[in-house]
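Have a look at the structure below before the remarks.
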Amino acid sequence: MDFTLNDRETHWRDRVRAFIESEIRPRDPDYHAQQAEGDRWKVLPVIEELKEKARAQGLWNLFMPPSSGRVPVDDSVAFDGPGLTNLEYALCAEEMGHLEWASEVFNCSAPDTGNMEVFHRYGTAAQKTRWMVPLMRGEIRSAFLMTEPDVASSDATNIETRIDRDGDDYVLNGRKWWSSGAGDPRCKVAIVMGKSDFGAAKHQQQSMVLMPLDAPGVEILRHLPVFGYDDAPHGHMEIQLNDVRVNAEDAMLLGGGRGFEIAQGRLGPGRIHHCMRTIGVAEEALEKMTRRLLTRTAFGKTLAEQSVWEQRIAEARIDIELCRLLCLKAADMMDKVGNKVAQNEIAMIKVAAPRMALRIIDDAIQAHGGAGVTSGYGLAKAYAGIRTLRLADGPDEVHNRAIARAEFGKYRVR
Amino acid sequence: MDFTLNDRETHWRDRVRAFIESEIRPRDPDYHAQQAEGDRWKVLPVIEELKEKARAQGLWNLFMPPSSGRVPVDDSVAFDGPGLTNLEYALCAEEMGHLEWASEVFNCSAPDTGNMEVFHRYGTAAQKTRWMVPLMRGEIRSAFLMTEPDVASSDATNIETRIDRDGDDYVLNGRKWWSSGAGDPRCKVAIVMGKSDFGAAKHQQQSMVLMPLDAPGVEILRHLPVFGYDDAPHGHMEIQLNDVRVNAEDAMLLGGGRGFEIAQGRLGPGRIHHCMRTIGVAEEALEKMTRRLLTRTAFGKTLAEQSVWEQRIAEARIDIELCRLLCLKAADMMDKVGNKVAQNEIAMIKVAAPRMALRIIDDAIQAHGGAGVTSGYGLAKAYAGIRTLRLADGPDEVHNRAIARAEFGKYRVR
Amino acid sequence: MDFTLNDRETHWRDRVRAFIESEIRPRDPDYHAQQAEGDRWKVLPVIEELKEKARAQGLWNLFMPPSSGRVPVDDSVAFDGPGLTNLEYALCAEEMGHLEWASEVFNCSAPDTGNMEVFHRYGTAAQKTRWMVPLMRGEIRSAFLMTEPDVASSDATNIETRIDRDGDDYVLNGRKWWSSGAGDPRCKVAIVMGKSDFGAAKHQQQSMVLMPLDAPGVEILRHLPVFGYDDAPHGHMEIQLNDVRVNAEDAMLLGGGRGFEIAQGRLGPGRIHHCMRTIGVAEEALEKMTRRLLTRTAFGKTLAEQSVWEQRIAEARIDIELCRLLCLKAADMMDKVGNKVAQNEIAMIKVAAPRMALRIIDDAIQAHGGAGVTSGYGLAKAYAGIRTLRLADGPDEVHNRAIARAEFGKYRVR
Amino acid sequence: MDFTLNDRETHWRDRVRAFIESEIRPRDPDYHAQQAEGDRWKVLPVIEELKEKARAQGLWNLFMPPSSGRVPVDDSVAFDGPGLTNLEYALCAEEMGHLEWASEVFNCSAPDTGNMEVFHRYGTAAQKTRWMVPLMRGEIRSAFLMTEPDVASSDATNIETRIDRDGDDYVLNGRKWWSSGAGDPRCKVAIVMGKSDFGAAKHQQQSMVLMPLDAPGVEILRHLPVFGYDDAPHGHMEIQLNDVRVNAEDAMLLGGGRGFEIAQGRLGPGRIHHCMRTIGVAEEALEKMTRRLLTRTAFGKTLAEQSVWEQRIAEARIDIELCRLLCLKAADMMDKVGNKVAQNEIAMIKVAAPRMALRIIDDAIQAHGGAGVTSGYGLAKAYAGIRTLRLADGPDEVHNRAIARAEFGKYRVR
């Protein structure tokens, strides 16, 4: 074991950190100004501008694992990414977590990252050419349509969207929500999970198909605010699929009835990426809290001198250190023994990281008084965003169940 | 001691409950529709309509304590309220807490309730005629300008707004925020806390003055979102006072240098009213959670049958019962021994009630999955609203300090 | 509702409090000295001496509810108790909780209190004469044998002890543990729960029979330490019943197959008595913590001045107030609507009170440093004792389940 | 970074694990039987016997870091230890934590480990020959006398024991407690912290001197039970020093006024060793809890099938993984950048590990019902032991303060 960062780990983390501090953070006012102006569902120029810069410096597609090799459909190297390990990327992703909109600048934001991995692993050459290449170039964005409002989607066998074969087409019908990113005008394609065979075995009823966002019958009903935030221009959309037709050959991923298999493969990295960023969110909240406590005075001394805050600051520091290590360990296991063997560790950090960050952000809110619950410091928004992570990609309870069953499995008499 | 509700307590609680269920709750869709339409800072017809009904039934100004007697400036009885005790009102206020906008229908919403009490106790006949009568009739609304963005306002001696005498006028300069209700077009008057004598003893520098909202120099800078919610048309505003002139005789409450005294008197009932409603918010969240768990199925059984939820439901029920009793006890003490003697109990429930409700709402959010963090069930909004109560009228830490000092005082060797 | 103590409530509480402070607490060193000397399983003279005094002052059998009427088997009034309501007794029992061994002085200690109630409600005249009268006179003590080491006794249908009819006798076989009080040489009788009919309906298999402790075949295997405390001379014993014969007519309580019914009736008051005392334990811990913090100095100021302790002291005070009210409400309901209707409230305080006290005692331990975990202040012992209450008379989880089911019952579609 | 154990790490951990499972755990009944027999303050033959075996296999003095080199005072290599890094030792110490008395078998138990390090770093050749050699051979044991009952010893400047020079001697006067290990008849020497110069600068008043336990004037007043446990034959003693004379030259460690310096050096490894073992204690509790839940049935299904236990088991597993990683990181830092640079990480795990273990043990107790709070499964005893670690070597609050100050230091404007 070795807890010291090696040169390559330090190199990439530091480059990302430096780019954020020198290029992105100074533009934060621009970002918010552009976001506040006029229509909320639009492309923000500041993002596109910074994407160019990041790509030019090779800080691009950092999430794509080395096992991905070169994408065979294109000669360009630039968009291919440096082939970081999950561990190396984890360190970078933590940095990106410090600023709400930093990930996209590096073409590393959800759900595109997970979708690109799906294309990479399971896509046909044609599917890659059509969708993956522009995604890796940062030209389009994508969505992932899985969760449904009408059923407990934590149990994915509940999903009710139909994928019916009709001649050369599949016909899609159902209602999806939490289709994140579908509010963005650049969002061109969605991966849709549905049931193609209601009579098959429980975990073979599902398939995943590709659906152009502009296909007839795709009706975006509304955006779902998170607490009161619309997260525009990204957005979390509720979408009705009314007899949406997609060409069967173009659309099917991997094969009929293999939707569960893809979902399992996709969710591991997706979960861990969220956790990595969550560590950064927590670090940012801790820094804000610490600075605030040093500068506010009540009843004759700074808040920093009041010992209850010493305890909270220390708890925050401890909890961040604890979670960072488990997150890095899970990433390291993904690199060395694969996502499947690492699934228990991924589940653990999936539960632990948001819980930790919520506690710290909540304390930071308290330290900021009225400024904590409103805009300006970003704390209430961070709270809202992280709170969704206790539900997204499976609620805590489902992950805890899996972890518990692994324990019970050690001792159960068979 | 007697833990059974008497007839009068039951009577008023049940009437309020029935009115809410039969008149207000069925109009909730109208409320949200009217709020969503066009300009957000407007009077909602559904409210005005229901206010008429409530007033006609005598469900009006329920908060005004019996000690208030008849308001001497007006012969009308209708708007005077039934003279409920704090204990009786507590039971009614809990009912109002079930629905976000119910309080206003009964002319019982903050900050008007606290402001009316201030007028009643400390106002001159002229001040009462001009401001209190229309407030008690529900014709205008009011604001309370105390907290400031630039200082830790938990220590009210930090306040920096100036109240300078200039001839017959006071001239007000400073910046205030969290001026709740000032977004409402009906909001006509504010009580402003500032320093009229920077050289006086620490707690005698402050005064409270009345300020018409339309006075020249009153600049409403922005509304402060709470976790993304604008709380329109009520709103929490940030307000700049630029050389605002008010007539000295009209404006001064109670007397120069007595601002602290008024603040102490005002905050007791204000705090307890929030707590009463908070109990109702928690009850509503528990009901929603319970219903949800009964109707969602995952992994072969309803969520209600999964024992982790049994534990959470039970904890919620226990915590509500605990807090309700302390809230009612504090109210009973206010009735019998006065706000000052009850201040420790008020502080306790001020800390305990929001903490309890936040836990329950958070569990309810988790039980609702994605539906919990968005609109539709009102849970995320309730969370945001209650979260502010750990800061409003003094943060937990300041109340806990006061409670602790009372304990230390019992044993300290003098 | 009325949260003020009436004269009678104040009267009895104050008399008990005064007796404890003037008569019992000063003898605490004697108690510990006598306990430490020689054999641990013996009668302590200081207890017998003080019992005389308490009985002479009418501070005796305070737990016995007024509904008990006069005990018909004896003319003496003295031992009959003043007929306090549960609410009145609750206030007295809290006082008794301040000192570990105070309850017994008033003939109000478990399991005798519960057993006396059982005799009173369900006993025949002969059973009362033989066992209840000497118990109410404080001449003997008793035990209650329910829990068994080999099964999850939280589900009482698991109990395996056999009560087999053989001619005029019942023959008892089985193993019991947590037979509290059976270590005392004065302990003469046990109420034994077992199965008299393994073929009956699930809740009609059980009976309760009386068993003299000196019956042949009663083998006391060992005392069960609680953490490392033996709780001598009371003791919690593990007992083997080897073909113990009791006369069928003398022994059977209420009737064969009615053991569950008696258990339900017995456990309500038993649980609430523990809760009442637990409030007193918590108050005592809070007082010790407060005094300690005022007198210890570290890093230049007293611990009391360090704000983390302000927060903990305040939380302790709040939590005690919350629990006391719920405990009193449950007692009041038992008086007014009966134990059965009050069962939900009893379950709630059964869960809430130990949880609250453990937190406070733990903080008090921390405030005392090394002195907290050892003898001298009684905190570690109090912790150990209260920790058992999360298991005794049903673990938290079982009570929470019952509470949750009541909630679910409100909304379940039938 | 690398989270995989290398061969050497695996080798030592597995050897220790195998020795415990094959040699020590099977003798646990002997250990308890010998401990229960007759006098409690005696040498247990089972320990001495197993020490021989462990030493013969080279599983001896594993704690001694490689930097220690060979001990120059003796040619023997056998007792010198394999020179494990802190990281390697951490993995072994976790294994030792599984069984309460395992550490001593490997000559790795506190306070000897810390004391041997002190001798090694700061002792003269004569001091090493006289005390360190027999300690490293496991022939004698030792104590560390720092904490005092009369002052808040968390602030070591409060210490009041006097070390007065008188001719060739130092004369020691004062009262110490929590002198762990001083109950053992093999305990021959103590390191005593006291003040040799009350007029010096605050952190230069203290010295550490060696004191033979049999020196005249050393009066062992009593053992301090921990939650009722005497921890015999080790014991935590309260000791009065009455004019105890020690030869000045033989006794002084490092030099007058350098006691603080030694304390700082000693406490780092001491703290981390406790944390390492604590992880093992938690693992053992989790295993017991898991096994219990699988084998107990209530209300128709095993406890393992009740989802509240799934959540608790998962939380336990997560918390153990989190803490193990931080513990290993702190150890790795001690190896690579030294104890001083690692002090923040040491403080963090010092706070986090006991907190984690207490939660898990408490849940395990709950899962065991009445069996949890008594002897048999060792859970209550483990709880008591770990609870002291929130106080020993500095209470949580003091460590948290240090951690917080490091955070504040990052941003404080100088």
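Labels for the chains are A, B, C and D, by order of writing; each one numbers its residues from 1.
Just so it is clear, a residue touches a chain if its C-beta (ideal position, glycine included) is under 8 Å from a C-beta of that chain, and two chains touch if they have at least 3 such contacts.
Values in this document were obtained by computation on a predicted structure and should not be read as measured data.
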Which of A-C and C-D has more C-beta contact pairs: C-D
Taking each chain's C-alpha mean as its centre, the one farthest from chain A: C
Distance between the centres, which are taken as Cα means, of chain D and chain A, whole angstrom: 43
Centroid spacing, where centroids are CA-atom means, of chain C and chain D in whole angstrom: 38
Approximate Å spacing (C-alpha centroids) for the pair chain A, chain C: 54
Residue numbers of chain D (touch at least two other chains): 306-311, 397
In the complex with chain B, residue positions of chain C that touch it: 1-6, 9, 87, 286-287, 290-291, 293-294, 304, 307, 309-311, 313-315, 317-318, 321-323, 325-326, 328-329, 332-333, 336, 345, 348, 351-352, 397, 399-408, 410-413
Sites on chain A touched by chain B in the complex: 147, 149, 151-155, 158, 177-178, 224-230, 236, 296-299, 303, 306, 308, 365-366, 369-375, 380-381, 383-384, 387-388, 390-392, 395-398
Sites on chain C touched by chain A in the complex: 306-311
